[in-house]
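Multiple structures follow.
You will see chain A twice below: alongside chain B first, and alongside chain C after that.
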Partner chain A sequence: MKLIPLFIILPLGAAFLLSLSGKRKGAFCDIFSNAITLLLFIISLITLYNTNTQILPLIYKVGGWAPPIGIPLVVDSLTAFMLLIVNFISFMINLYSVNYMEKFTAKSKFYTLFLLMVGGMNGVVISGDIFNLFVFFELASIASYALVAFGSRAEEMEASFKYMAMSAMGSLFILLGIVFLYSNASTLNMAHLSEVISNQGINKTVIFSSILFILGFGIKSAIVPFHAWLADAHPAAPAPISAMLSGILIKSLGIYSLCRIFYNVLGVTTSFLSLLMFLGAVSIIVGGLLALGQSDLKRMLAYSSISQVGYIILGLGIGTPMAILGALFHLFNHSIFKSLLFLNSGAVEYATGTRDLEKLGGLREKMPITANTSLIASMGISGIPPFNGFFSKLLIIFACIKSGYIGYGIWAIIGSVLTISYFMKFQKSAFFGPAPKELESTREVPFLMQTSMVILSIVCIFSGVIILPKFGNYFTEPAKNVLAQGKDYKDMILKVTNEK
Partner chain B sequence: MLTYFLCLILFCVGLYAIVRKRNIIKIIIGIIICEYAVNLFLALFAYKMNGRSPIYSPRQEIVNMVDPLPQALALTSIVIGLATTALLVGIAIRIYEKYGTFDITKINRLKG
Partner chain C sequence: MDFKNILLFDSLSKLVGTFIIFFTAVIFIYSLGFIKSKKLEYYFWFFLTSIVSLGVVFSANLIYIVIFWGFLGMSLFKLVNLYSYTDKDIARAAKKSFIIVGGSDGFLLFGFLIYSYITASTLVAGNIILINTPLSLLSFIFIAIGCFAKAGCMPFHIWVPEVAEKASIPVVAYLPASLDKLLGIYLLARIVKDFFVLNDIAKIILLVAGGLTVICAVMMALIQHNAKKLLGYHAVSQVGYMVLGISCGSPLGLAAGLFHMVNNAIYKSCLFLNIGNVEKSSGTVELEKLGGLGKFMPITFLTTLIASLSISGIPPLNGFISKWMVYQGLIDFMNSAGSLTLKFTIALSLVFALIGSGLTLASFLKLNAGIFLGNPEKEVKEAGKLLLFTPVILSLLCLIFGIFAYSTILKFIQKSAGSFVEIGLWQPQLATYLIIAGLVLGLIIFSIMKKKVRTSASFIGGEELLPTEEVKIGDFYNAIKEMPLLKNIYKFAEEKIFDIYELLKKFAFIIIRFLRYLHNGILSTYLVWCLIGAIGLFFYLFK
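Our next item is the complex of A and B:
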């Protein structure tokens, strides 16, 4: 309970302190920011434990003001689930960037922006007030624009501008949607908003603002008609930031906000669900086909993100408890293996200086750890049975068939075949075969980079067990219940706020 | 009603600039116009004819008060807009240094 505001205070405060440290090099920035992210990870574990021992969600009132007026920070099971993902991945990536960011100048500025982004994402996930969610959304977005352009080469500037122009429009749509909701309901608190809307019934204003929300959050989560920025922005960023963006930013800012607002606040309708299913299925196929044709390693991974996000959206669109469970499980899995794959691509670039698949080859002997971890991640993402990706995709496809959407099930299977094919291409051209002459002197990356890759791959191997009820009951199952119970969310929140 | 319609037109002008213009600076101005249209909309729907500013004073009875929250929201969104604009302009300057042009059709080293 007392720990809740720390998710926002710690990263923001640390970012402020790091920005004061100027251009000073040395171990201070590394140790400090790693300590902060480790601390956040530990707190998120404690928070997960707390939400599992309590039935009602935890609420912190900012400034002591009671909720209809003040801003509440709400931690329920879904929030705890997302917080754990965000803080675990950001700790791993922070560990990785200690060595990787050596070649860039102004490392302290990197950590400042990085921690601002982490603080923004935590804020989006934890906020119980819709406008506050928007403010944190913008905080994380602005930090990510600057981080995409961090290398300050021409391509990075171009990608960042494209990303910024599209994303700024998305944010405006979200703001406009919030304004329409407020003009209709005269409150910004999510629980109260939900109550007012269910008393009023769905009118034209609510429908219009939900269209605006789909546009805005759709741009952020890169569902297919809005995906153009992702394939430029993710490859252009430094590898840790690509891993951050693909691993957690599009999920916490895009998918989490989308499903929190639609499932818990506005209430889902059949037309919304069928729209989500359609967009998800289109994303799976389009992302997969585009990934197949790429020769740039990171660009291929970025298109693959679009395809995998399609699975999550498809699962959320089916809307049965089993499908939602599959979608959340896939969200967790994707954040693990996609960030691992981007870290691998960064390691390859670090060691060889190129990420063009046609120029690579035979790195298996030179870089055994990178090769093996990327093999594990590739098998995870393409759904080879003992790994985690298999179970989540299986759940989503089963849910499709069980609800009678056999066509969508077949699309998802085709998408899975596409995934296997482009990851086979990646493995074959990067790690197998003869090594070109230029890569003779390649060596394995430094220790800390290896450590974070190895930890992520271990999680990737063993997180398949979450499918078993014994483990899932503490992690994905309660998070699924939050979404599946839909608008009962408001009753839980109001019960807690009225008690005190 | 007319004012809301004019506000919509302002938003569409901004959108037109973003979609149709080739110059980066004009695109940025388009984004700014869109932002201001949204801020104007915030202020408009909170407006009340002959409304009174929502400042509490002990001796007066407050009648016909305007809603203060949208104004606070507009302030916040102006600040956010400032940050975005500053970053956009900063990147635009760097793009001009690298490419020597503001024309987006000539800034195409990335291939979709």
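Our next item is the complex of A and C:
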């Protein structure tokens, strides 16, 4: 329990120290920030272990103040699940950045912003207070605006500006929603808020603020029609940051917050669920089609994120335990293979200087590690068995059929055909076929970049086993139960709070 | 652990499993002589493919089948792509085939999931359901799509000719020509036997798909100039017969389909491997550039001839018996069919099957004459012993399964398909004796008459050819391309109007163009969408 605040203190403190180190180059920044992210990953593993052995939820009261006045940090199984994903991926990406970010100046600034973003995401996931959630949400967002523009070329600035404008609008919607809820319930603690709302019943104010939340978090998680910023922002950022944004930022800031607030605090209604299903299905198809039409590798991957987030949203919208399990599993899988794919795209760009699929080719012979890891990731995301993506899509589609939504199931299948199509296009254009003359001298990327790609691809191959109860019971299953229990969340929290 | 629910060893899976092992063995021997570079990668994927295929056949659980089945798409992709660094088109063919095969796997999965939702079980055997609701029909169609794509039945056949043309020969002989056929037809037979009781709509779907596959693919094969592509189209065309046999739903039809599946795998891989030998010796598979190889490659010629006669359905070879059984199954089926529509469809597909058989012979005449007869342009060497071993074994099997069909292979097939009574009479051994007797008699008469054989120069239409002119066998077939109605159809086919992949691609890109028009990169447009989305949300949640 004492470990909980470390998720916020460590990255924020490290960011502060790194910013003091100024423009100094050298190994210090690399080692320090990698050590911090590794430490965070280890703590998140310990937390996952704790959530499986101790009575939940684990609550840390900041400054010793009791809720509802004080700020609680709450860890339940869903939080532990998200923390593990966030910190694992950020460690992998940090490892990759050591070599990749060499070509940029001011590496220490990069690490500062990177750790701020990690701290913000951890804070969003761990916060038990809706306003505090918003504060960390903004922290991560602002760090990400700066990181998208990190290359400081014209197109990156433009993308960052667009991203900032749309994202700020989303943030304002969320803030407004929080204001409405607070005016209604006079509390910001999520458990108390939930209790007040249950006692009052759903009134117009709650519906109004829930619409604002859908808008705000919908923009963050890039659900169609709020997705447009993503296709500009993700490709413009340096590859590790694209991997962060697509891999975990849209999930922890967007999907996690959406789930937590709707499933556990406000309570889900059938009209809300069918809305989610519809938006999810539209995202799957629109994102997939747009990805198919791209020849810019990173832009294609960005659109593919929209499509895959659609699957998660569809699963959440069906709302049965199996569907939620599938959605969370897909969230985990997507964060693995999408970060891996962005790292691959970074490796391709690093080695060849271009990410235009028309100009690439034959890299399999030159860059075997990148080629094979990206093949694994592509197979995973296309849902080819026995890779991980297959099992999560299987759960979501089976849940569709079981709940009688055959039409949505067919959409999901068509989406998966589209996914196969554009990933095959990627594989064919980048890695197979003869290599063009300009790429004759291409070489494989440095060791640390290879390492993180290889580790992620190994996870990609073997994380399919989470579908087995033997493994899933400690990881996805309890996280699913948190969402499936819905508004009972408040009772659990209040019980633990009142005991102490 | 309860293996009863994990592994399934019934006569059908044993039959298919045996042939998977057999083809793995014989094509492995061929590969030893053929594959010279990237050996490690090739053999890794080769043996992985065989293990995974056995997994499909012996799985008792639908989910396991899908897992193994889906993985085969990937191994096909890797094997086809083995030498893609030499040619861009190889990568393109691999991509296309993986999209079709992998995409159809999604539908197969969906079909299985619906099926297991209906029966509340994921076991392969033991839950036969009627196709009486739209849901069960949907499940049947989706599973059939998976089978069709794997086996290469229309309209999901397009990947087969392209892979056949581009990939290296052992890969073609191993996957599209034998293993994929065995698996696709295995699953189709399995669902007809153990999953569903077919209704008229389901049967009509199978009949139409089968009949069209036979006739359309063989028409395409007729006009090909590339030997590998020609065989690729035949690999599609023959699937039609298997589907027709299985569509009958009766033990006889099922047995016919399975027997044809086995036969096709045998002669088709024999043909592909022989073409591989020809390519290795002469460096080309373009029929225009070949000719007269029979003199230099007698064993290749002989085995190709046997396999060609067999695929064209010439008695007493195996291809004849299985086709004959398919016809009988169809006729039997027509007699018992209830509705007039069904009767008509059966009659039509029977006619297609009969015509298709004749056209198959015509196109194999072109292949054999084009490669082995005529005047040789240069001297070539016969292929090595390792490369000849497999075709010889396979062509011997063509003979054995033809002449001794009822005492060998059909016994096993009868076990898996159920016992059946044939309505027509065919005694292959007796017929063989009679054929041999006829040939001997002819030779005796010929030698008794002692007519002199006259040799003269070739001529066309009574006019002798000039030495500079040379008529290639392929030229005769160009006439087909010029026929009034066919001319247009072939033109459409060349523009890929009938290619479902290209069609869907075109359709998708129309939508994509519209979507890209919407994504113009201007911030205010994006904000407008958010606004529209917000209005929609308010409208929906506040109504």
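As a convention for this text, the second predicted complex is superposed on the first by the 499 of 500 C-alpha atoms of A that agree within 3 Å, B and C clash if a C-alpha of one lies under 4 Å from a C-alpha of the other, contacts with A are read in each partner's own complex, and residues count from 1 in each chain.
Simple rule for what comes next: contacts are C-beta pairs under 8 Å (C-beta built on N, C-alpha and C of every residue); 3 or more make two chains touch, one makes a residue touch a chain.
If you're wondering where the values come from, they're calculated on a predicted model, not measured in any experiment.
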Which superposed partner A:Ala168 touches (first chain B, second chain C, both, neither): first
Which superposed partner A:Ile89 touches (first chain B, second chain C, both, neither): neither
Touching partner for A:Ala146 - first (chain B), second (chain C), both, neither: first
Touched partner set for A:Ala231, first chain B, second chain C, both or neither: both
Contacts of A:Ser271 with chain B and chain C, given as first, second, both or neither: second
Which superposed partner A:Val348 touches (first chain B, second chain C, both, neither): neither
When both partners are placed on the shared chain, which of chain B and chain C touches more of chain A: C
Chain B versus chain C as contact partner of A:Glu155, first or second or both or neither: first
Chain B versus chain C as contact partner of A:Val179, first or second or both or neither: first
Contact residues of chain A, present in both the chain B and the chain C interface: 161-162, 165, 169, 228, 231-232
Sites on chain C touched by chain A in the complex: 63, 66-71, 73-74, 81, 84-88, 90-92, 94-95, 98-99, 102-103, 105-107, 109-110, 113-114, 117, 135, 138, 508-509, 511-513, 515-516, 519, 521, 523, 525-527, 529-530, 532-534, 537-538, 540-542
Residue ranges of chain B touching chain A (in the complex, touch as defined): 18, 24, 27, 31, 34-35, 38, 41-42, 45, 67, 69-70, 73, 76-77, 80, 83-84, 87-88, 91-92, 94-95, 98-99, 107-110, 112
Interface residues, chain A side, partner chain C - complex: 161-162, 165-166, 169, 204, 207, 210-211, 214-215, 218-219, 225-226, 228-229, 231-232, 271-272, 275, 286, 289-290, 292-293, 361-362, 364-365, 379, 382-386, 390, 394, 397-398, 401-402, 406, 409-410, 413, 416-418, 420-421, 424-425, 427-428, 432-435
Interface residues, chain A side, partner chain B - complex: 131, 135, 138, 142, 145-146, 149, 152-155, 157-162, 164-165, 168-169, 171-172, 175-176, 179, 182-183, 186, 188, 228, 231-232, 236
